[in-house]
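Shown below is the structure under consideration.
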Amino acid sequence: MSMVKMVEYDDAPPEVKAVYDDIMATRKSDWVNNFWKTLASHPPTLRRIWTGVKDVMSPGSLDPLTKEMIYVAVSASNNCEYCIHSHIASARAKGMTDEMLGELLAVVGMSNQTNRLANGYQIPVDAQFKPVP
Amino acid sequence: MSMVKMVEYDDAPPEVKAVYDDIMATRKSDWVNNFWKTLASHPPTLRRIWTGVKDVMSPGSLDPLTKEMIYVAVSASNNCEYCIHSHIASARAKGMTDEMLGELLAVVGMSNQTNRLANGYQIPVDAQFKPVP
Amino acid sequence: MSMVKMVEYDDAPPEVKAVYDDIMATRKSDWVNNFWKTLASHPPTLRRIWTGVKDVMSPGSLDPLTKEMIYVAVSASNNCEYCIHSHIASARAKGMTDEMLGELLAVVGMSNQTNRLANGYQIPVDAQFKPVP
Amino acid sequence: MSMVKMVEYDDAPPEVKAVYDDIMATRKSDWVNNFWKTLASHPPTLRRIWTGVKDVMSPGSLDPLTKEMIYVAVSASNNCEYCIHSHIASARAKGMTDEMLGELLAVVGMSNQTNRLANGYQIPVDAQFKPVP
Amino acid sequence: MSMVKMVEYDDAPPEVKAVYDDIMATRKSDWVNNFWKTLASHPPTLRRIWTGVKDVMSPGSLDPLTKEMIYVAVSASNNCEYCIHSHIASARAKGMTDEMLGELLAVVGMSNQTNRLANGYQIPVDAQFKPVP
Amino acid sequence: MSMVKMVEYDDAPPEVKAVYDDIMATRKSDWVNNFWKTLASHPPTLRRIWTGVKDVMSPGSLDPLTKEMIYVAVSASNNCEYCIHSHIASARAKGMTDEMLGELLAVVGMSNQTNRLANGYQIPVDAQFKPVP
């Protein structure tokens, strides 16, 4: 159970309802998930995060599926149960197969491994990898 | 400086030289970076990690650039200075622009933010996101 | 269920009972929570951690509510379910409202986001921010 | 050195200059720090993060110094060198003394310690700490 | 429930069955745990991880119990519920007592604490601790 | 440079000098490292952490070298540059070879990898691994 009372659509003040409506319209969906119903306990956070997520996840020089997979990679690395579930669901809806998830998590596992080898051994960055001023 | 002595090509025992040769052949490159020269202080680790990275990063249902960007995402999230440098260099060599890096890190930042909101509020996973048995 | 058997008051050896008594006296409470009943499986840890928490969380140049909120911030950032629950409960008992929790977690989310942008881009520290020797 | 070219005021496009002007006006300062000059390589991120930080860090039910100390707590816990420097500088400018920093980092250290004890022992949350539905 | 369908022995393709057989033979056990049944959804990951774990955890200059305790230390620090359970079980099977677990987690807690003090204060490494070139 | 002024022996107040003397006597050494000279800016933290480290790291059911290696494992996993240096130095002084460090970091890398696979796939804990009530 969430640490605060979630806000259902029918009980929501107008500023919250407006965000819920935009979430459903943007996603062509008829429900709002628990993440937003919890953030609605603090309306400025609800509005700021929703606006940010909508901007960041919209198509750009990276396509939406790639962005969802990066979101899954970070969430798996940080162990956010909610985010793993919600973003794997979104990525599947955009075409991610079990095979793709397998490759994605293989990279997540490998990078977590080599990150610790590089840090544990305190390996100095090669001059060739440094950005040219 | 690394916590162990790095192994240069000319001083390397045959099993290490064989891995160095495969690294350079696979990458069509004429040098070996500090990561491998440090792991060579423990040859079983050098061989195991190189074989694993080669497998995991080769083309599959995800293309090599997408895999490099996932590697960057995890490394930035974990703050591995060496890995951020080496994998941004690899991703640039495969076509990543500043604009793409900007979008990538925007997703990394946003997911790190919402991961903590979901965990901090202990938001329960919606039934709709749970895998069907 | 805890990975070790929790120690109930009536079964506790004298050194553990003494800590339990001090916990209840300090908190003006009549029960001991699972954290201490689990640490009691290793009495030196129970005593060391209780003494430390009591010292660190007592009023000083920071007030106890501010300290509890910092505890919540770190626990949310690290995703410790037990600590999020117990320290949000303590902070609420000291006066934290939903509005204050909302602002607290907004800062936690934002700092987790900008931490990764600063690390991902490897931004150099401005000379103005460096301590003067 | 940053992974991208930082954008100086005189070279900045109008949308970036407008953000820089707002940063300096808000902070009553005459310079822009490296964090923003780096984010300016991706203007939508610059604008989104600046707007977010400005909102989140403004006075509310928590005062600005408390918010800065929470920012320091998270940044120290995550080991973001840039953020530790910049937010300790901000907190000092708002009145944080060495004594207060000492107490702040003592809580950060203690919570990182007990977070791992609670997770390592997998301690179950007491019913008394669970939110009432 | 796992995010993918777990693969039971009787439904497994030959390459997966071969790994399962090796797991059971190596461990002198008659069952395969959920970790491997989940990785089997992506056979190259199953094979790579099993081979790696088998190599890394076999006796060397460190004995198997010490290796299991290091595994527990990292898993507790990262909060991996599955890994905490499975590796504490393995360590107990190799002789770890409650007293040893208590000392192990005490070191895990203490190092997580001092890691943040060292990072939060940005303490410079003493020349005496630096490796000699 | 540390975020606070380090306290040298000759400038230290008596309570700090007493801790420094105990550190040098315990370690049979004639100098105090930067970690303690920085914590001395907040004497209660200096005393509490030194007492705790001395207790936790002293011989018990685990020997001092095993404890140092666990400290290195956690510090490498968390990327604490100071702690990696100081605890690898301590472990070497107690007999750790490059070969042992290689095996230690191999386990650290592998556990960081499998932690993310277990979390990313949300693998349920087998009943066989659960503690018996």
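By letter and in written order, the chains are A, B, C, D, E and F; residue numbering begins at 1 in each of them.
By our rule, a residue touches a chain if its C-beta (ideal position, glycine included) is under 8 Å from a C-beta of that chain, and two chains touch if they have at least 3 such contacts.
This is a predicted model, so every value here is computed, not measured.
Participant: If every chain is reduced to the average of its C-alpha atoms, which one ends up farthest from subunit D?
Facilitator: Greatest centre separation from subunit D goes to chain E.
Participant: Rounded to a multiple of 5, how large is the rotation, in degrees, that superposes the C-alpha trace of subunit A on subunit E?
Facilitator: 120
Participant: Which chain has its C-alpha centre farthest away from the C-alpha centre of subunit B?
Facilitator: Following the centroid criterion, the farthest chain would be C.
Participant: Between B-E and A-F, which chain pair is linked by the larger number of C-beta contacts?
Facilitator: Greater number of contacting C-beta pairs: A-F.
Participant: Cα centroid separation between subunit D and subunit E, in whole Å?
Facilitator: So the centre of subunit D lies 34 Å away from the centre of subunit E.
Participant: Which whole number of Å gives the spacing of the CA centres of subunit C and subunit D?
Facilitator: 20
Participant: Return the distance between the CA-based centres of subunit C and subunit E, expressed in whole Å.
Facilitator: Taking the average C-alpha coordinate of subunit C and of subunit E, the gap between them is 27 Å.
Participant: Check each residue of subunit A and list the ones that touch at least two other chains.
Facilitator: 1-4, 44-45, 48-49, 52, 56, 77-81, 84-85, 88, 99, 103, 105-106, 108-110, 112-117, 119-122, 130
Participant: Quick one: in the complex, what on subunit D touches subunit B?
Facilitator: 3-4, 41-42, 44-45, 48-49, 78-80
Participant: Of all residues in subunit A, which touch subunit F in the complex?
Facilitator: 72, 76-77, 79, 81, 84-85, 105, 108-110, 112-117, 119-122
Participant: Residue numbers of subunit B touching subunit D in their complex, please.
Facilitator: My answer: residues 79, 84-85, 88, 98-99, 101-103, 105-106, 109.
Participant: Given the complex with subunit F, which residues does subunit E contribute to the contact?
Facilitator: 1-4, 31, 33-35, 38-39, 45, 49, 52-53, 56-57, 60-62, 66-67, 69-71, 73-75, 77-78, 80-83, 85-89, 97, 99-100, 103-104, 106-108, 110-115, 117-126, 128-130
Participant: Over in the complex, which subunit A residues touch subunit D? Could you list them?
Facilitator: Residues 1-4, 44, 48, 52, 55-56, 130-131, 133.
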